[in-house]
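Structure, as structure tokens:
A, B, C and D are the chain letters, set down in written order, and residue numbers restart from 1 in every chain.
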Amino acid sequence: MNGLSFDIAHLLAGGLVLVSFMLLYQARMYALLNLFALHAVVLSLSVAWQALIQGAPHLYVTAAIALGFKGLVIPLALHRIVQRLHIHRAIEPVVGIGLTMLAGMGLVALSIGVVLPVTAEAGSLAREDLAFSMAVILLGMLMMVSRHNAVSQVVGFMSLENGLILAATGANGMPLVVEISVAFSILIAFIVIGIFLFRIRERFDTVDLHALDTFRGERR
Amino acid sequence: MSLAGLLWLVAAFLALGALALPVLRLAAGSRLVYAGSLAVSLAALGVAAHHLLFPPGAPETLALPLGIPWLGAHFRLDVLSAFFLVVVNFGAAVTSLYSLGYGQHEPSPRRVLPFLPAFLGGMNLVLLADDAYTFLLAWEFMSVTSWALVMAHHREEGNARAGFVYLTMAAFGTLCLLLAFGLLAGAEGAYAFEQMRARQPGPGLASLVLLLAILGTGSKAGAVPLHAWLPLAHPAAPSQVSALMSGIMTKVALYGLVRIAFDLLDEPQWWWSVAVLVVGGVTSVLGVLYALMQHDLKRLLAYHTVENIGIILIGLGLALAFRAEGAGAAAALALTAALFHVLNHSLFKSLLFFGAGAVLTATGERDMERLGGLIHRMPLTALAFLVGSAAIAALPPLNGFASEWLTFQAILVSPQLTSWSLRFLVPAVGALLALSAALAAACFVKAFGITFLGRPRTAAAAGAHEVDRFSLAAMLGLGALCLLVGLFPAVVIDALAPVTQALVGASLPAQLGRPWLTVVPIAEGRSSYNALLLFLFIAFSTLVTVYAIHRWASHAVRRAAPWDCGWPDPDPATQYTAGSFAQPIRRVFGTVVFAAQERIAMPLPGDPEPARLHVSLRDFIWEGLYEGVARVVGIVADVLNRTQFLTIRRYLSLVFAVLILLLLVLVAWH
Amino acid sequence: MNDPGTLLVWSVLLIPTGAAVLLALIPAYTVTARLNMLASLLTLAAAVGLLWARPPTSPYLIVDDVNVVFIVLNTLVAFTTSVFSASYIAHELETGRLTPVSLRFYHAMYQGLMGAMNLALVANNVGLMWVAVEIATLTTVVMVGIYRTHEALEAAWKYFILGSVGIALALFGTIIVYLGARGVVGEGLNAMAWSELVRHAAAFDPALLNLAFVFLLLGYGTKVGLAPLHAWLPDAHAEGPTPISAVLSGLLLNVALFALLRFRMIMAGNPGTLAPGPLMVTMGLSSLLFAAFMLYRRHDIKRLFAYSSIEHMGIITFAFGMGGPVANFAGLLHMTMHSLTKSAIFFAVGHVAQAKGTQRLADIRGLTHTHPLLGWGLVVGVFAIAGMPPLGVFMSEFLVVSSTFARQPLIAIPLVVGLLVAFAALLLQVSRVAFGEPQGSSEPVHASYGPMVLHLGLVLVAGVYVPAPIVSWFQHVARLLG
Amino acid sequence: MALITDLIVQGAQMLLVLLLAPLLTGFVRKVKARLLRHQGAPLLQPYRDLLRLSRKEIVVADTASWLFRVAPYLMFSAIWVAAALVPTFALNLVFSWSADLIVIVALLGAARFFLALAGLDVGTSFGGIGASREMMIAPLAEPAMLMIVFTLSLLAGSTQLSSIAAYMSGPDVGIRISVGLSLAGLVIVAIAENARIPVDNPATHLELTMVHEAMVLEYSGRHLAMIEAAASLKLLLYVSLIGAIFVPWGMATADQGIAAYLVGVAVYLGKLAVGGFVLAVFETSVAKMRVFRVPQFLGAALMLGLLGTLLLFVSRNL
């Protein structure tokens, strides 16, 4: 694999991490959704690049899914939810943004530290990709646990899943990648639908998980 | 051969339990089942007795393709298990006989009959097991079936709690034994007792094993402070079951201790005996003190079981000490005393529980404060109960005294011991033993006197009637046996010789050959006891007295109201009650042991209220140990229970935290 | 398709799938209930056939000593549960908690779930296994919510969110495993075929394997319900229909744990890896102790036994974490015994809840008096699950505790404490429920006792005698687990 | 032939103790009376009492059971046998090896057991108070007694009274502190067991101070006679026990001739006289203590016994 293609792949993966950070940083709902669209686009670019350099045409499908489904459909759907459910614009984080960013830094460091001992023969690109995708995943989870608001939690989950796709495509010749990406798209669809017109709205007038959690398992 | 036969009999017990429900549809169903268990236990008794009296050279062994797959179920019949089999199956037989009559009064036979034979089978199986899995399986099976029997009258107040405490303690004991066996078996899992005998753990581990064994078997036998379940569970069960649990099952538990401490463990440490002796002494005295404070007849008897377990433990502890110091003969003496007492206690404790059951059926009362004067209405029951009381109070020439005398002899040879702490400990234990014996006498004066003597305190007591002939046969038979065993202890001692030979490599000199069947444990000049001669002597002098009196003294008898220092009061409430009888002892010992307090609520002058005496006793073991543990568990449960009520986000944070933690571990590991 | 093994394995997969489609189409619920039973029976027959005729290993499917017992177990419990479910839903329809429409859905989902679980068991490709587990999760999510009550939907939602995260983590672990294997086995299918992975495990990059195992442990551990990843489990059990609770506890947890075991074997094959033992032991102990104490404050009978499932998953994980022939054997035995016993308990509980019209423990008293068979069945089941002899769990707990104490006395202490605490809690609850002055209605409930009796009978037999072939398979697997 | 003589000697001892017991009681009373400057009843008064009682008709409470009427015979014969087993004027009596010191203590315990039951039988409060207090004193006395037995058996290597006596009269005993301690303990136990001042007052009929007397309050006529006789037998027993153990000289052995026996009897009478005198003096010089002071009194005996044992260990190993 020549240097240039490696650098580009590296660049794209790094870009994904960067966007994840921006997601973490973002405090306004609509901007968050737009950023997520950007996240998806960057992912699809990186996947497409992988398809190119690996010469694995089926990955283009994954790229297309990422672009179309997560770059367009989902953000739009979420836009409508936000409008429909009159979610107030600001997103209240659990801890301060700054602290969250700091934690994010720590997570990136952790993911690199974990991957470092992996011997190079696993393929340096794979190794870097692993580090980046793990960073994206951890950041996604961080977002899920550091936001009170259901929509932003969903966004967090989706960015997490983008990290998965990144890792999967980064692994040369991994079978079932397309199937997996499809399966995940379905999963996300379920979640979004669940939030949107399925039970949630029908029963609670807000998707803030506080309402969803009024029932905390067993009644005392 | 006889081993296979015994296993078949165990199978017969289990089958009997399984068939009980359909059989109960018949009119005489319960009689049939009890008759069946009587027959089976008699057969087992015969086989075991034959093996004990005419021991073959080597113990019989047998392996079945059951249990742990790569190990199989091992069974073994040696003299030790044979002796305990005799005890168990004799008790089973007598209980079945008693139940032929008593069982007719059972309100819910469907909750008793399926489990009783299974219980008996389980106890037999424990004694035959020769690998850890089979042993514990049978052990716990015994616990479960007896728990079911305790729960037979589940709608009565407090029985569910009794069952809960009982089975929890049983599980605790089983886990302790499980750990002990785990140590004995080692990592590669040599669970067969044969392998355990071969591979001995180091001294440190062996001591751990012994402590665990004491905990495990002690919790089943009712050694203080693990006794708390016993006075709850034994009274809760139907009386014939109480007799089995108190008289028999506790002995099976002690069998476990003997098996581990004398058979599986090879090199005993001298301080093991210290542990056993201390436990035994404390158990015996505390048990009888608790018993003295009771006024529920069956609970009193249950606490006396605790006391007798203590006495047996003292014997076992002495045997351990002598064995550790290589004094074979003395060890044999102590072990003989302990095992002899095992037999005796099974006899008179069954008898006493039968008596309590008879009283219960005749009056519907277990509370001594509401009984009295039963000797007039139930003379035979009273006679049997009197014999049992005299036996358990260790009065010569009955059997209880014979074994306690042997125990005292074992204590008196303790100067042979070289370890100083033991030399100082053993006399103290002896004093405790004497104390508990004397207190037992006091306690049974109370038990018999308040229940059977005096004037009836309630209409129920006044209207009592003698019980059926099966029950009487069982009780009187046991009473006769108490006397016979007391008169001819030499027979039992000689029967125990092979057992001690097998366990401590020595045995008492043969007794049967001596003139007048005198018992001479060590040497003529040292000590000897001849119950038969003593009995004849007393009988002779009594006859002489009676003759003389009736020859020369006046025969005039006048029946009159009691004298009572001139103020006879017809109200039976003026009699001494169980509580007032125990008052002096309560004052002497109770103030320390139970923080006993008496408060008199004296009404104001002119107030027609009667004055009231309030007595408060505290059970420090229960409050400290059991309630303490319960409190801790409750607190932890409350704290953890909060996790049931978190939000999804918090749950996710938990997952996230664990993930980060593991990744950090990974980084740290590199 | 020419050899019988392949035929059988495909039928194990296709019968449920076909049945699912069929059941979705047929409206009449009596018919569908019977059809459900029939399909499950056929699947069971096919699975039993696999005991004798195994298919050749393909990159996608495999039947070996590891999974053959669990396939049979899975289909067996599936069948008995379908029998139980038939009588259960009849009552539910009477009370109107379920509508015929939702019932169609229910049966279809039931078969779909079974198909997915069988696929997860026979999958040789770890990716395929992952997909199967995901499908199984999604189907159960839907079924947990089927009552459409407030609580049910919330339980389903909780399950769904936590499950999805678990799925994601598991997938990441799988990908890493592939990354590790790719260099050795070569790119493509083989690099995800478990049989290949195990063969070449020694050559993998240990660092990657460690990383993978961390994610897999969390991902599948969430499905297994190890504390503190367990949060979804009690509510999902309590709010869904009881047959689903039985299947969840009896099968799905096992399947997830089974997936974890597959990777455990790969780890065991590689000397350089960080021993997964300590991780699993810690997780196991935490689950055991946590669940043991949680048992005390329960008010809902189904949630009670859900927590006991967590406890037992903890014990099993602990056993595999300890490793060694004895402990591993015990773990496998415990998996089998637990799924049989726990499903039997849920059968009993389902009928009890219907008979008494409530799931509140406080409102159920004196069961052995009002409903003797149900009551005693429940008692026996609880004793079985609490490790009382002569029932099967006793043997596995005996082996685990004794072997652990001989090797690591200090680790055995918390184990024993947990067991004792859990035992006391279960005994306390069951002796309140089954004994004492009866409460609640006492009119007989038309129940199908067959499944419960069958399961408990099997457990009873296993406590005394385990068939030789099962023993040899388990011992082989125990060796593979290292 | 030897057996015949042995039996004769044994029988002689039985008769002897039976005949001497009331005399000892009478002697003690006489001495006490004299110490109090009274004239006092004649020495033979106890015999007269017994005869008079046995001639009277007996009044049995209508609530009494058969136990009430059997108990006196049982306790009397038990105590009589016990007394006959203690060496008085001769050692190695034919029946002495059928029971050692522990058995003798147990026999007395048996007698007490039945008497206490009889006290409860009629169902009056006085019987109850007596029985319960008697049963409080016994548990305190018996451990002390056992400790003493322990010390002696450590010394003599036997619990057989004959052997102990032989050892104590032998050369190798010497002066030991333990012996003194156990003597003191035994005396305390004897006082308690015989219901003497300061533990109990045999002469009183003030209900709250009495233990033994309250227990037998319902008895009359020949039953009472037997109980009285048994009481004096018990006193005799303890005195001769102390004599046999701590002043073991002058006792005949089987092989010696009739003369030795006569000497033995004479010496024995002397011992009894001394014992009775000491007891009388002691009783007149102390006051009766409250019932709940008795535990401390007997606890002292227990302590003495334990101390004797431990000191014995030490002195042996020095």
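The rule is simple: contacts are C-beta pairs under 8 Å (C-beta built on N, C-alpha and C of every residue); 3 or more make two chains touch, one makes a residue touch a chain.
Model, not experiment: these values are computed from the prediction.
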Smallest number of contact steps required from subunit C to reach subunit D: 2
From subunit B, the most remote chain by mean C-alpha position: A
Comparison of B-D and B-C by number of C-beta pairs in contact, larger one: B-D
Approximate Å spacing (C-alpha centroids) for the pair subunit B, subunit D: 35
Whole-Å separation of chain centres (CA-atom averages), subunit A against subunit D: 100
Inter-centroid spacing, subunit C versus subunit B (mean Cα positions, whole Å): 44
Inter-centroid spacing, subunit B versus subunit A (mean Cα positions, whole Å): 69
Residues of subunit C touching at least two other chains: 157, 161, 165, 207, 211, 234
Residue numbers of subunit A (touch at least two other chains): 114, 117, 141, 144, 212-213, 217-218, 220
Where subunit B touches two or more other chains, by residue: 644, 646, 648, 652, 659, 663, 666, 670
Contact pairs between chains, per stated definition: A-B, A-C, B-C, B-D
Touching residues on subunit C, where the partner in the complex is subunit A: 125, 127-128, 131, 134, 138, 145, 148, 150-151, 153-155, 157, 160-161, 164-165, 167-168, 171-172, 175-176, 178-180, 182-183, 187-189, 191-192, 205, 207-208, 211, 234-235, 238, 298-300, 303
For the subunit D and subunit B complex, residues of the former touching the latter: 14, 54-63, 65-67, 73-74, 76-78, 80-81, 84, 95, 97-100, 102-103, 106-107, 109-110, 112-113, 116-117, 120-129, 131-133, 135-136, 138-143, 145-147, 149-150, 153-154, 157-160, 163, 207, 217-218, 220-222, 225-226, 291-292, 295, 302, 305-306, 309-310, 313
Touching residues on subunit B, where the partner in the complex is subunit C: 65-70, 132-133, 136-138, 140-141, 144, 151, 154-155, 159-160, 163-164, 167-168, 171-172, 175, 178-179, 181-183, 185-189, 191, 633-634, 636-638, 640-641, 643-644, 646, 648, 651-652, 654-655, 658-659, 662-663, 665-666, 669-670
Subunit B contact footprint on subunit C (complex, rising order): 157-158, 161-162, 165-166, 169, 207, 210-211, 214-215, 217-218, 222, 228-229, 231-232, 234, 274, 279, 290, 293-294, 296-297, 324, 326, 366, 368-369, 383, 386, 388-390, 394-395, 398-399, 401-407, 409, 412, 416, 419-421, 423-424, 427-428, 431-432, 435-437, 463-466, 468, 471, 475
Of subunit B, residues touching subunit D in the complex: 372-373, 375-376, 379, 386, 390, 393-396, 401, 405, 408-409, 411-412, 415, 423-424, 427-428, 430-435, 437-439, 441-442, 444-446, 448-450, 453-455, 516, 518, 524-530, 533-534, 537-538, 541-542, 544-546, 549, 552-554, 556-565, 568-569, 572, 574-576, 580-585, 587-588
